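Sharing a structure below in structure tokens format, with a few things to ask.
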Amino acid sequence: MMLRSVLAIGAHPDDIELGCGGTLAAHRAAGDAVTMLVVTGGQNGPGSTAGRRAEAEAAARNLDCLLRWGHLVDCAVTADAGTIAVIEKAIRDTEADVIYVHAPDDSHQDHRAVTAATLSAARHNRRVLHYRSPSTTRFEPTVYVDISAHLDRKIDALSCHRSQVENSAMVDPEVVAASARHFGAQARVRYAEAFTPARFVWDLAPVPQMPLLTGIPAYPARVPA
Amino acid sequence: MMLRSVLAIGAHPDDIELGCGGTLAAHRAAGDAVTMLVVTGGQNGPGSTAGRRAEAEAAARNLDCLLRWGHLVDCAVTADAGTIAVIEKAIRDTEADVIYVHAPDDSHQDHRAVTAATLSAARHNRRVLHYRSPSTTRFEPTVYVDISAHLDRKIDALSCHRSQVENSAMVDPEVVAASARHFGAQARVRYAEAFTPARFVWDLAPVPQMPLLTGIPAYPARVPA
Amino acid sequence: MMLRSVLAIGAHPDDIELGCGGTLAAHRAAGDAVTMLVVTGGQNGPGSTAGRRAEAEAAARNLDCLLRWGHLVDCAVTADAGTIAVIEKAIRDTEADVIYVHAPDDSHQDHRAVTAATLSAARHNRRVLHYRSPSTTRFEPTVYVDISAHLDRKIDALSCHRSQVENSAMVDPEVVAASARHFGAQARVRYAEAFTPARFVWDLAPVPQMPLLTGIPAYPARVPA
Amino acid sequence: MMLRSVLAIGAHPDDIELGCGGTLAAHRAAGDAVTMLVVTGGQNGPGSTAGRRAEAEAAARNLDCLLRWGHLVDCAVTADAGTIAVIEKAIRDTEADVIYVHAPDDSHQDHRAVTAATLSAARHNRRVLHYRSPSTTRFEPTVYVDISAHLDRKIDALSCHRSQVENSAMVDPEVVAASARHFGAQARVRYAEAFTPARFVWDLAPVPQMPLLTGIPAYPARVPA
Amino acid sequence: MMLRSVLAIGAHPDDIELGCGGTLAAHRAAGDAVTMLVVTGGQNGPGSTAGRRAEAEAAARNLDCLLRWGHLVDCAVTADAGTIAVIEKAIRDTEADVIYVHAPDDSHQDHRAVTAATLSAARHNRRVLHYRSPSTTRFEPTVYVDISAHLDRKIDALSCHRSQVENSAMVDPEVVAASARHFGAQARVRYAEAFTPARFVWDLAPVPQMPLLTGIPAYPARVPA
Amino acid sequence: MMLRSVLAIGAHPDDIELGCGGTLAAHRAAGDAVTMLVVTGGQNGPGSTAGRRAEAEAAARNLDCLLRWGHLVDCAVTADAGTIAVIEKAIRDTEADVIYVHAPDDSHQDHRAVTAATLSAARHNRRVLHYRSPSTTRFEPTVYVDISAHLDRKIDALSCHRSQVENSAMVDPEVVAASARHFGAQARVRYAEAFTPARFVWDLAPVPQMPLLTGIPAYPARVPA
């Protein structure tokens, strides 16, 4: 049984849900394994660190994805060998064959650093897709995933980040839905998430799907030590 | 009293409303004169030519803008000397100092032709802004107009084009509102229309506004011979 | 049984083989239906029209794809309503859900015209990928298909176009292999064809593959009236 | 009385004058408040620190703008939280609604760092425009300000930086005038400064101008503690 | 004795002088053969056709270059097989190894058409450089030629086109000098012309120069039948 | 006797050979002086530091170029004042008038840092060309050097880096040859190396070549203290 192993990487709790939460839900629905790597604890945003950790765990549970923490510090990420090593280890551990990460042009220094470190760590990977964040500055997507069946799930997962939804001007579920419709129209579907590929090898016969697949037990959000 | 003279150019009835209807309403609210130049009669879309003409007149009335027809034929526009002359005349007649037109990268041949002809006709103008159409293929906007107070008006004007709203997959008021919210978030306002400038001279002290200005009579949609 | 329906479009006989012949072979291997639409008869290149027609049929047979002719004239293609109609009909007839066509920046006027007409005809399609030609002028690919198992087949199909391989400086199997290795290294596979997406909706669970699939009879190259 | 509040940010003394000195003069002429934030003392260029400070004060006086220092060190600026905080404070203190800063592609590391930090600090602002420096490497302007009435003032202000004009190959008033004419021709005016917008919301009815406005006293260059 | 053969192509009389007149003078000074191909007679600009022909001849004489006419009609050039054939013949006749032509993004339809036709005609050439025109809309040059010793000659040649200098807002020697200084500063020389390469093979050991070279007789402007 | 002085800069041993080894051989064949500046010792790749040093010396000897070390540490290069100073000194010492360096968009942090530092250090130079590395992420070359006569030499020099050729997926002579053929076809020659210019002033009459030139003694690889 061959499944895709998906690794989504974000600088802060809620970044991944904002950027590609619907796509991760679609991957799970297709039977793929999905791990979310949150590089920092989001120490600088609104909300306590413990609270944000709990929110991220709830969101991952909601999306039925594994959760993994990078243990770096919010607003102090650099694309150095240490950050690259954290991401390389996640790629190795998950044997990722699809990687999602922030878009390169972004006004948040942590986002830029995580993206640069990911491009380095993923230098041998065949599929690296950039998602959009509210702070992304340039973004001309050409690749889309249809999330019409998963938008609700995305909003639900995002809503788990209550400290952000309530206090950050950047996190607004109404905008998330509007952007999904906007990109959906571009993609000729109803709701879509949009991506710019760093490198995307389209696998024409990707995954011999087992009929039993939908029966595998959902795995719980887990925080590696 | 100096007012801005605005000229919005579109290939077909409904193109202008879709692309910059809210901005035109904002110009009218600021006291500017606005003319819409519809280059063809939209002969090839759904709806009769007479019907589409009436729809366009209703929409222009709704936006309180002058309407002007280019009398070219739908799906057969080329950026030749004839088309350029039609647009040059509109620029001269209106003494336009702001021009709106389709974005250059568009899958519809008429849109591309109208844009090319406009760039030629407007070669001496200081302000040419490209708006987005559902068929636009590449578009990275950097200039926005806040249409939060005018989105309803835009949707109303668009709804006048009943033949399109009901029959064309490309004309969907729900998507129009979603895109306005999407671009609004990018612009840090609520609802926005987005533009790419061909050339935009920002006039720091543009229009000595008369206090009486809001009292000028609305002018009716008019079809020049 | 759901299969993908693939439509590859090229201006002249041999364009499709050069640009995406390996990918078409990979689609056939994955059980997809593939149609090649050759828009002109290649009247202006070296070789007789009848000869080129026979070469194209041999190449399509080699790739096990359907062949369809557009009946336009070499070096005189324009992106007008007539050309668009030819392509729209092919899209409708094949119910294409993946479309391949030339890249937009190309020094050959026919290539540019076919691409523009395709973008118009495919305005409702979710997957349009641009392939590279020897005359392509700008091309920064981000999407790839692994053709390591199909490069020989590509070269074989191309070699059917003997009149071109022997007489055109632009058609050189050695360069074709070199480019496939170059793009393969970029894609982190051995041999690849490279694409720029106009619009690509990645279908995470595309095709419930039947185990019998490899047993379907190869269909012969056919020239519709 | 609503006036625009303008904040111009540069890495070193003379950067702002070179990039947008004419535009700042035009803002002052339109009655807007203007603050210049010089992030470093220019310790590494020719001239003593005290001398450069005096030159900057003279230039600001010449342009009738407030001057504010960032107190970072020349050639050692990074886009970290500290630099961002300095700029955030200036934005807050001035309630800036227009921000000018270096273009992102620049061979000077300080320029790149100041731009990155500004994009982060100004993440909620509606108007951020990038100006060109002699070390800018890529720059395709689309937004211009007509400085025909202010070029002399720009050159005067620049000339206050005698240590640079006399000793740096990068600071040459003759080139400044030539570039203003070059960009003026692009903008269809006589002399212009050119900008690339990070984000520019065009305010169609920006500033209810009071007739008394030209009577407000010019405010002196001031160095905050 | 091997000399470079240079072919400069422009849509109208004066286009070549505006775009690369200084560079042609530099080529002549280096001993290269230079032919100017003017594709149309400039029938639509100010000035009679005969007058413009005489002006072009005077300018070519001034630059000591051969002059060749394309005999197409102003404002009606298309990039079709006929235009391509005119340019192919010029390339063949001159055995050109360097070709100069308009930049592709230009608001004048003739300029775009001449550029497209040239890229097609020059498909086997190793050196095709695009020059800038006043109507060029996008242009980010990376290649320059130092014309510090030839700016006067460029202005002289341009001044031969009296009908344009006196009557066209687009032809202004003052702007020509300003742009040369602007691009010179970018290139780290005094005056430069700027180019974007379509394709440029840098010949490290290009031309075994004979010492007698400066003694070859200047050849007169000639109009082929 | 005027010769060009060429400076090629790379982050690690083997980077220069991969990116522009054939071009350096062509420069030597044209009689130019060539220095290779290797910024780090390649401490993090496969192979001992002493071994890599010896490999680099052998490769430089093979290409008949001078070798110079930057003494920075692999995977820890930043574009700070120290790195800039190392490169400025190399430029000054060699009086470089042509500089080669990595392309700016690259997934390796050292490559990006070396490029940024070089653009700063070379701010007064007229010719800076970017070469491609296996980790380069975006690259649209427009400038080429014909290395048909030097490909073997390039492969030989690269093969001196045995520790890399044998152990790094990124260093594969077969790919090097394929890319040279791919870029050669783009350049209309047999084998080429490809470049994107940061700034390239084309010297039309560059180097009065002395007939004796081929007789100058090859200079040995030398490691400055």
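Note that the chains take the letters A, B, C, D, E and F in the order they are written out, and that residue 1 is the start of every chain.
The rule we apply is simple: contacts are C-beta pairs under 8 Å (C-beta built on N, C-alpha and C of every residue); 3 or more make two chains touch, one makes a residue touch a chain.
Note that the coordinates shown come from a computational prediction; the quantities given were computed from them, not determined experimentally.
Among the remaining chains, those touching chain A and also chain E are B, C, D, F. Looking at chain A and chain C, the chains in contact with each of them are B, F. Ranked by separation of Cα centres from chain C, the top chain is D. Across D-F and C-F, the chain pair carrying more C-beta contacts is C-F. Seen as a C-alpha superposition, chain B sits on chain F after a turn of 180°, to the nearest 5. Looking across A-C, C-E or C-F, the pair that copies the B-C interface, with over half of its contact pairs the same by residue number, is C-E. For this pair, chain B with chain E, the centres built from the Cα atoms lie 38 Å apart. With touch defined as above, residues shared between interfaces to two or more other chains in chain C number as follows: 124, 198. Here, these are the chain pairs in contact: A-B, A-C, A-D, A-F, B-C, B-D, B-E, C-E, C-F, D-E, D-F, E-F. The touching residues of chain E, when paired with chain F in their complex, are 26-27, 29-32, 124-126, 142-146, 186-189, 192, 196-206, 208-209. Across the complex, chain B is touched by residues 134, 138-140, 172, 174-175, 177-179, 181-182, 185 of chain A. Remark: chain C residues 75-76, 107-109, 112, 135, 137, 169-170 touch chain E in the complex.
Interface residues of chain E facing chain C in the complex, by the touch rule stated above, are 79-81, 84, 116, 119-120, 122-124, 198.
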